[in-house]
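By letter and in written order, the chains are A, B and C; residue numbering begins at 1 in each of them.
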Amino acid sequence: MAKLNILPVPTFARLGVNFAEREVGASETESITVPDNTEQRLIQYRTSDSETRVRVEKNAALKLVRIFAGKQGCVSRLSVTLADNARIELIELYIGGDTVSEIVTELEGYKAGFKADIGYELGSENELDINLIADHHGKKSTSDITVNGVLRDKARKVFKGTIDFKNGAAGAKGSEKEDVVLIGGEVVNKTVPVILCAEEDVDGSHGATIGRIDEQHIYYMRSRGIPEDKIYELITRARLTRLIRKIGDEQAEKRVYGALGWSDDDV
Amino acid sequence: MKEKTQVADINRSLYDFRYEEDESSFLDSGITPDIISEISAEKGDPEWMTEFRLHSLEIFNKLKMPQWGPSIEGLDMNNIVTYIRPKARMKDDWNEVPDDIKETFEKLGIPQAERESLAGVGAQYDSELVYHNVRKEVAESGVVYTDLESAMHDERYAEMIRSHFMKLVPPTDHKFAALHGAVWSGGSFVYVPAGVKLEIPLQSYFRLNARGAGQFEHTLIIVEDNAYLHFIEGCSAPKYYEAGLHAGCVELYVGNNSTLRYSTIENWSKNMYNLNTKRATVGENAKVEWVSGSFGSHVSYLYPMSILNGRGARAEFTGITFAGEGQNLDTGAKIVHNAPDTSSYMNTRSISKSGGVSTFRSSVVINENAVGSKSAVSCESLMLDSISRSDTIPSMVVKTDKADVGHEARIGRISDEAVFYLMSRGLDENSAKALIVSGFAENVSKELPLEYAAEMNNLINIEMKGSIG
Amino acid sequence: MSELLKITDLHTAADGKEILHGVSLAVNEGETHIIMGPNGAGKSTLGSAIMGSPEYTVTGGRIEFLGGDITEEAPDKRAKLGIFLSFQNPVEIPGITLSSFLRSAYEQVTGERIKLFEFKKKLKAAMEVLQMDAAYADRELNVGFSGGEKKKAEILQLLVLKPKLAILDETDSGLDVDAVKTVSAGIKAYKEQTGGSLLIITHNTKILEALTVDRTHIIADGRLVAEGGAELVDEVIANGFEKYI
């Protein structure tokens, strides 16, 4: 068993969030470079263990969509390096499975920008451990991390999100937000939003809301004839549809709807 | 506007006086079963306590140092004198306290504080309580406030202490809890009978005087049902070259429908390792309120824990941490929701300056059975320069879908506009910043009794101005 | 005419406090009933209790609909039976569009799947009755809607879902004159299209102008204190509730 997804600064051991343990086999490795002043979009379907290294050069932009919809889940490591004015928009969707995913972004350049939009839908005995780290080195670098998810049945999820303002990253801004809806008495949700800061001139924030669907919402929808399980489905769709539409590729969107068991006529 | 303020080490002369100790009263440094037995014999422990100490020492030797948090490498465990034989036996008449000890406390404003506003004061000097007094009317209501050793030998409380002592914080909890179990000395025992609502606070004041001394006081508070208590703990230690260690332990038992407020302003000298453990268990519809200010110490590990065991139990934690030069203060709180309809609220501020490191660390755990529970955490950090550090490491573990948990945190700097605004009204830059920082600390100061809020603001001003002000 | 709704000696409580102290009334198919009464009398509580709101506990009595006891029934079951409540303050539900929400409700209530295209047609027709901008269909449910827009969105749902009994809880309050006209037109259209029954909780008569009132009930302090025909509405408007308190 290897220790993966190690929290950059360990905390109380009893919470079980400092690392994940998994058997790790051989993994596919790939490197992607986006040259100066270019823009790319890339869609990846991840079903087996992989390691991806991305470098976005000066004034370049990458939209990277990663879909984790395999039944087994996998171990994924993504590292991103951003040069001056380089931008990455990362869209990730986790549907079912048992996945360990690490995302480390080095915002090295001046005004480097990292935008992450992550969604998950986990049920039965699915497990997901995400360790996202945004290291701000560059002046005026920005990170914006949004996570939305739904846990049902006996699903277990750990989301660790670290914004690390290194000394010298003056003018950097970072924000992180996770919203989790819990449906089912046996779910376990762990949220660890970390901010590390060694620079005065920064602006960092994080927020999280974890819990049930508002009872008034449930009553309102039921009064229109929608039964409880259908309400949960509607709420799940509401949370994920916004994200799925950001993919901007019909083929990929169809595949995601398929993985979720929705026909696109439903949307 | 971005010019950094130069700040020198604060003048602590008010706190840094000390008196020479007669070295012959020291026991050998380091911790062995022989030393433990010697302490136990010296204190006239009951047999169960001697065994408890020796058992705790075994646990201490087995446990590892904490694997997270600031470095405590500078702490030489073999060099900490665990117990300094007291010069004086406990007194309840201030006039009988030896002059040098008395002078120390007079300088710290005790028992002046007692005369002014407190129901009772206990003062600990090194390892033993030297002064203790409770107002007559408070004693008549059945409230007990005494030192733990005396209470342990008093047949009225002996069994109560035996059944509560280190039951909330067992020696197996962590290495320094084990150390505490082995070498604890002094501290307070408070008992508030059912239905008694004490309107004026009880206060204790701890002080470490001897060079290289460890302080291991134990505070045990039992509040029965339908009662109210406000307990204030103040701490200070003079500055020595060798690193001092504080590994105290606070155990609070809050009965059904009762409220216990526990306020602390900690201002240990800046070479102290403060590895303190505080924990409360809270009954049905009862409430624990922690108000905590951390200003002193070289290194702190401090996370008061509230275990909400009764239906409808509540916990509130309001804290501020100010880390200046040479300080690494790792503070926060832990909350465990262990019953239905429980709620918790955490509101903290941290300030880092002149190379200081402050870390906010928390955990909120909502267990499977805590249906209908709510928790909200809000923490804000302020960086006053770029040679300091400020880390925020909260965690939330939720094991039921019938709960609502919210968390928000911000980190940033003093806004240039705010400083400019105040300067445009005639304040100099330092005063403007001090004023803004005091405002930032308002979450805590508004929860403190007036004279403590004033003391805290004074500490902030001293830290901000780098002079005695 | 057969009996649609029958309430017998209904007692309800919220937070341990009894609000309705034994209310009985019956509504037949196709009838229009008005409920009036001073603030805090329990009018909205009655509407909510018929819909099965979790906020209120029924502590005594029975609610029957189409001859079956629904006192303990879940709100979605009641909706499927044909009960609709227009909320006084409908909740805002981010993330779900009005259109997808209503389509889901339509499929549940009617028990049949409907193609997106067909549903949009239905929705468009109903929106025209209410002079609603088609863009509202794709807006998140009630999110950022003004008071008037929320009320219109409630009536829109009424027109699409076509229940047997519509309870309108102060649907006219807080609306300007034009909005009252639009909402009234919507209610009239519902009545014409379905012949359904109405239970209208209201303070004023404007919304009633286009309707034939069969029965009026006055509630004060959790009890029915007076009943009568349409004339009772005018009397209350003229003289207030003093004589009933």
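What we mean here is this: a contact is a pair of C-beta atoms (placed from the backbone, for glycine too) under 8 Å apart; a residue touches a chain by one contact, two chains touch by 3 or more.
The structure displayed is predicted, hence computed values, not measured ones.
Taking each chain's centre as the mean of its C-alpha atoms, the one that lies farthest from the centre of chain C is B.
Inter-chain contacts peak for the pair A-B, counting C-beta pairs in contact.
Between the Cα centres of chain A and chain B there is a gap of 39 Å. Put simply, the C-alpha centre of chain B and that of chain C have 58 angstrom between them. Rounded to whole angstrom, the centroid-to-centroid distance between chain A and chain C, based on C-alpha atoms, equals 43 Å.
On the side of chain A, the complex with chain C involves touching residues 214-217, 219-228, 230, 234-235, 237-239, 241-242, 265-267.
Those residues of chain A that touch chain B in the complex are listed here as 9-13, 15, 17-18, 151, 165, 167-168, 170, 182-212. Residue ranges of chain B in contact with chain A, taken from their complex: 2, 67-68, 334, 361, 363, 365, 368, 371, 381, 383-386, 388-413.
Against chain A, in their complex, chain C makes its touches with residues 51-55, 74-76, 78-80, 84-85, 87, 90-91, 93-96, 100-102, 104-105, 108-109, 115-116, 157, 161.
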